[in-house]
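Dropping the structures in below, format is structure tokens.
First chain A sits with chain B, and in the next complex the same chain sits with chain C.
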Partner chain A sequence: MAAKKLSLKDKYSLLTRDLDWEFSYQDRKEAFPFEEFEGIKITDWSKWEDPFRLTMDAYWKYQAEKEKKLYAIFDAFAQNNGQLNVSDPRYVNAIKLFLTGISPQEYQAHQGFAHIGRQYGGVGARVACQMQSLDELRHVQTQVHAMSHYNKFFDGFQNWSHMQDRVWYLSVPTSFFHDARSAGPFEFLVAIGFSFEYVLTNLLFVPFMSGAAYNGDMATVTFGFSAQSDEARHMTLGLEVIKFLLEQHEDNVPIVQKWIDKWFWRGTRLLSLVGMMMDYMLPNKVMSWQEAWEIYFEEAGGALFKDLARYGITMPKYAELVEKEKEHVSHQTWWTFYTHGHAAGFHTWIPTDEELDWLSEKYPNTFDKYYRPRWELARKLEAEGKRFYTKALPQLCTTCQIPMLFTEMDDPTQISYRDTVYKGERYHFCSDGCCDIFNDEPEKFVQSWLPVHQIFQGNCGGPGVEQVLGEYYKMNLGADNLDIKGSPDEKRWKQWKGVA
Partner chain B sequence: MPVHAYTPDYNGEVRDRVGNFHGNQIVYLGWDHHLMFCAAFAFPVPPTLTFRLLRDEVMVEGFEPHPEWSRIDWDRATWLLNGQVFEPQLDVALIDQGIDHKSLLRFQTPDLKGFQDAGV
Partner chain C sequence: MTIEIKTSTLEPVRNTFAHIEKRFGDKPATRYQEATYDVQAETNFHYRPYWDPDHELNDPRRTALVMADWYAFKDPRQFYYGTYVQQRAKMQESAESSYAFFDKRNLVDALNDEVKTQVIRYLVPLRHVEHTANLNNMYGTAYGYGTAITQALLFDGMDRLGVAQYLSRIGLLLDGNSGDALNEAKQLWMQDPAWQGMRALCEESLVTKDWFELFLAQDLVIDTLVGELFYQQLDRKLSAQGGQDIAMLTEFMQEWSKDTGRWVDAVVKTAAAESDANRVLMTGWIERWRGKAAEALAPLAEEMLGAEALSEALAELDKRVAKAGIQ
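Up next, the complex of A and B:
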């Protein structure tokens, strides 16, 4: 008679590796058709070490426990009018950016992992990806639930899913994931599992979740804690895939290095949004973007790449450029949103005196010299009753889709322009990093859905920018957009707090 | 290097070809060292537009809010077309002087150094 209760080891084996079977009458290559076209060579899938050491039944039980606690706190937050305890109504705009910019990408991560969780020949990798796929789905759901409470009291939360693949700045994270999801299964896992989840994720989650804690947002903090243990697993998967690919065959090394270079660069461009959130959108600041970059990339990432050196992997290309850009990008990015505040789905503002001084202190080499004058001009214009909103539309980078706002690090008031001609068409880029990515796969990036060009082609409604924003993006004009000064958000806050 | 694609001879659709812009072409215009404008502007204009109209009517829309815009001495301004030194001919059509679809025109005004002389 079989034992009533399986040992942990037996259960683990039955519920993971034992889910696979030998193919006796079908060609394995036909069952896993995407496994070879990227040029990756796998000689022995059995060498894959399961990073999660978790079976599906334990996974459900564990996640259900976490959900119970999480939703109890959401309920308490709602019943106690937790929205009144945030530091300042400006803070809420940071989570509008999170809900519209990040949460839909959790869903794309879910879709991507579900896809590759079918495509690997090795069962260990398939099971790990399926679990991560479920995690990502859980994250988008819990984020939406955490923030839905704010939707009752603040503008700008209502149309996040509609906006995802339409709004000019949301095309940045959206196209990032489209690029990864339309790649092969190994590139996807290096892109999202390793480069993003392992190398850069702390730069996304720590700032947002600490920012929430510093600014009295219990709902978002709690979501962050609930996701944290998942993120730890995701990081383990990211590292496992890199080691596995590098150990399987030496021919994989240059391919993996190329993907690391590409996705490190794409990731840092994407994180410009987090930089501006930390330095400008959090009323109570956690640390500067520069400090975060130094701790989470230069120290932690530096140690990681030292470890990977034995496989022949080097620091990502252009890491030394980012070391200079860390003193500039948050200022350049927030200025872009400030000057495009009429076209943003959240509010923008000029930093207060104290905030300007904090920025001077945190960025002694750059802020007073290059960026404080921009805010002094903005103040002058605002005082004259001419709050500056730029009128024409910006040139975008073909690869990252960010307006071409980055400057030359040896000449920081000069925009960095790069271009290339492919089959008679000229393409523009913000950087050598983005230009290299295009040149490596021009057939893919000629399709870039650049929001500014799409507006000019008449594909986003119109004819005017107002119609694009109101009808195509579905922003509530006059409520979701413009400066925080005089906004309905600000008026309501003052009423709740009883201040004039 | 060609794309690594599952589909043989994969080639994406070129979304920004000039034919998609209903008779217009895109011209980008950037004022070097004037970062009140976070990036160069993109303007959809007819290829037959003269340079004078581009400068005096189209560009005004974007650049006019800058405190130094009205002080530009165009005789002293210098231009780059796609990175090459360029002498615009005011009454010649854009396309007839080599300013084609998705061309980048940059101009420099060395006497004007931006708000507070800070490149803003």
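Up next, the complex of A and C:
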């Protein structure tokens, strides 16, 4: 008997789809209890289109081949002291930000996908989420291994695990993922799978990995290439889930729209860290933040939302505001880090002449008018031996947890403040977007663990900032923080390179 | 004569990350250590989950088991993602060549009807048991505590999806890719009296809330008994009846059992050695699930293998439990 040939789709379906069954002995809702509380209506899980149709044996095979190549490069990188080939020691601070700010979130993505990979009632969707959970674990572990060698030669990497739950600016990405993970299973997938992985991932992943390529960081760029095919799968899953939710029931449309609005806004706030990295931290620039935003959001995202219009989905709220902000946020953010450079776990610096000119060219409407004068002032103070560090702790936005550093867009000299009163307490925000998010879920956001509030409440050691940084954050003061000028990183680099 | 290639050596500032140094001293760390220890966040969670407002996002109190250090659960295989997929890739490569050989040589035609019937009746429905194990291990991944154990649970969960898919392929080899064997096995799973105890047990495991209890129920109790009955005893019976080629298709599962068993035994032993309270708790859980599983498997084991089969399997389980330090 000759067996008939099965198409990949049929084979995958036979191998996977029919594994689940209707319960007879327990209430199935007890086994999958979180599917209904968000108001999302799933009428038929079998309509789920499996986006990858990847069986486990194929997964092991492909991923093992990728891992083998990746670790061969890591080994060669370490053996040949590949860190000596980076463009400039300033570059290394970009990957300090990556390891402390991004890698722990890969882990949270792994946890979040494990949660929904257990909880969805449809086996096809579950399996896709389980694989993503496994991929995200891969990403955090390969990132730690890629950075492991840098940690041996540079400061600022060594305490990433301790810092992830504590440091003021790291609460921005951390709270972003806590927000998604503490949400219901469908909001999580819209937040991370769609808004983050599909709409915004190119603005995170591409800048860091291209930055690595442009700056001679072979370990990180090899990780980037290796993770690319995983990311492509994740993007496919993100798009599939949106279409699935919208096609299941028309009542889902306004809920999904609200989540897209929320997570678009939270995502753009989070990405201000990437913007500053691209414009200020990369010695060899890839492109400006503004250019990246135009290519990856305005063009690609614009086409996507045009496609989703047939479901009744519109462009995320405040997208037009971000179109203005793209000319400002990276400058405002790096300035904040520069002036709080004693409290950062990486080094900061004033852009070189060449870099200031590049910024002028890339930001003709804003840089010379608003931001170049600040750097000229900073340079004057530095030349006088008065490198400026602010003494004050910043006020934080209750939602995104970024210090109040963004300005009004019609007046870039005026800081943007919003506030609202809930149960007799006043809460502060950086924007209408963040204020809206709070107003929609106040019981959630009153719980925000705001690092500055916590310092003032005495929950982070103290009483002085030095104790908070040294004892509670466990930064090596004088090594991890402050300006790159005069830092141990810089001294070692000069020694290795044989320059005085 | 050895050839020494000269490379420039630079003195490192430190050997490893601070949290690894704190645990293992100031020396170069292994990749397992850097990928595993203290990776999961432990404090300052911003919001309580809507789906579990009584706990933090990462919370050790989702089980009654208490550990001073959740990273005591070292995986003896030292699996992190990279080592895990590479090890499984080797296993799948050899499984793939067995399945291809079985198919190419039409070994299915060499099986007598008695063997074929038993494979469809006893082996193929196990894919639903494996699917349950997939979910139960994902449960521990999602709600467990500390990367050392949760990553190993994830690997186990994904393995079980793989095993479920291999079992499905056995069905497809037997039915010439029509899917009839899978449908027949599903009918047995849903309706045949012999399988109902097992299905009820699976459903009960899926509503169990304590993740460590569930780990013991699934990965220790149920897996030991299922492994013993289906992959050892049934395998011997089928071989004796002229179905020895089936062993080519279940070799993966046998090898997997050995590999994963090492990790399960290490976890059980470590948890029990931690405190008397843990040991008492675990004894209760194991007894309870041993009773349920024995009851669920009894009709199936007797029909499939005879009166002694289940007690032999239970004896294996008891031996394993005792070896882990639980009476």
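Please note the rule applied: the second predicted complex is superposed on the first by the 487 of 500 C-alpha atoms of A that agree within 3 Å, B and C clash if a C-alpha of one lies under 4 Å from a C-alpha of the other, contacts with A are read in each partner's own complex, and residues count from 1 in each chain.
The criterion applied here is as follows: a residue touches a chain if its C-beta (ideal position, glycine included) is under 8 Å from a C-beta of that chain, and two chains touch if they have at least 3 such contacts.
Computed from a predicted structure; not experimentally measured.
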So, does A:Asp18 touch the first partner chain B, the second partner chain C, both, or neither? second
Check the residue A:Gln130 against both partner chains and state whether it touches chain B (first), chain C (second), both, or neither. second
Per the contact definition in the header, classify A:Trp449: touching chain B only (first), chain C only (second), both, or neither. both
So, A:Pro394: does it touch chain B (first), chain C (second), both, or neither? first
Is chain A touched at more residues by chain B or by chain C? C
With both complexes overlaid on chain A, does A:Trp335 touch chain B (first), chain C (second), both or neither? first
Where does A:Phe34 make contact in the superposed view: on chain B (first), on chain C (second), on both, or on neither? both
Would you sort A:Arg426 into first (chain B), second (chain C), both or neither based on which partner it touches? first
Just which bits of chain A does chain B share with chain C as contact spots? 33-34, 37, 184, 444-445, 447-449, 454
Can you check the complex and tell me which residues of chain B touch chain A? 1-6, 10-17, 20-22, 24, 26, 28, 30, 32-33, 35-44, 61-62, 65, 67, 82-83, 100-104, 106, 114-116, 118-120
Mind pulling up the chain A residues that touch chain C in the complex? 1-6, 11, 14-16, 18-27, 30-31, 33-34, 37, 55-57, 59-61, 63-65, 67-68, 70-71, 79-81, 84, 104, 107-108, 111, 114-115, 117-118, 123, 126-127, 130-131, 133-134, 137-138, 140-142, 144-145, 148, 151-155, 157-162, 164-166, 171, 174-175, 178-179, 181-185, 444-445, 447-449, 454, 474, 488, 492, 496
Under the touch definition given earlier, write down the residues of chain C that touch chain A in their complex. 7-8, 10, 12-19, 29, 31, 34-35, 38-51, 57-58, 80-82, 85-86, 88-89, 91-93, 95-96, 103, 109, 127-128, 130-131, 134-135, 138-139, 141-143, 147, 150-151, 154, 157-159, 161-162, 164-166, 168-169, 172-173, 176-179, 182, 186, 189-190, 196, 199-200, 203-204, 206-207
Under the definition above, what is the set of chain A residues touching chain B in their complex? 33-34, 37-39, 184, 332, 335-336, 339-340, 369-370, 373-374, 376-377, 381, 386, 388, 390-396, 403-405, 407, 412-415, 417, 419, 423, 425-428, 439-450, 452-454, 456-458
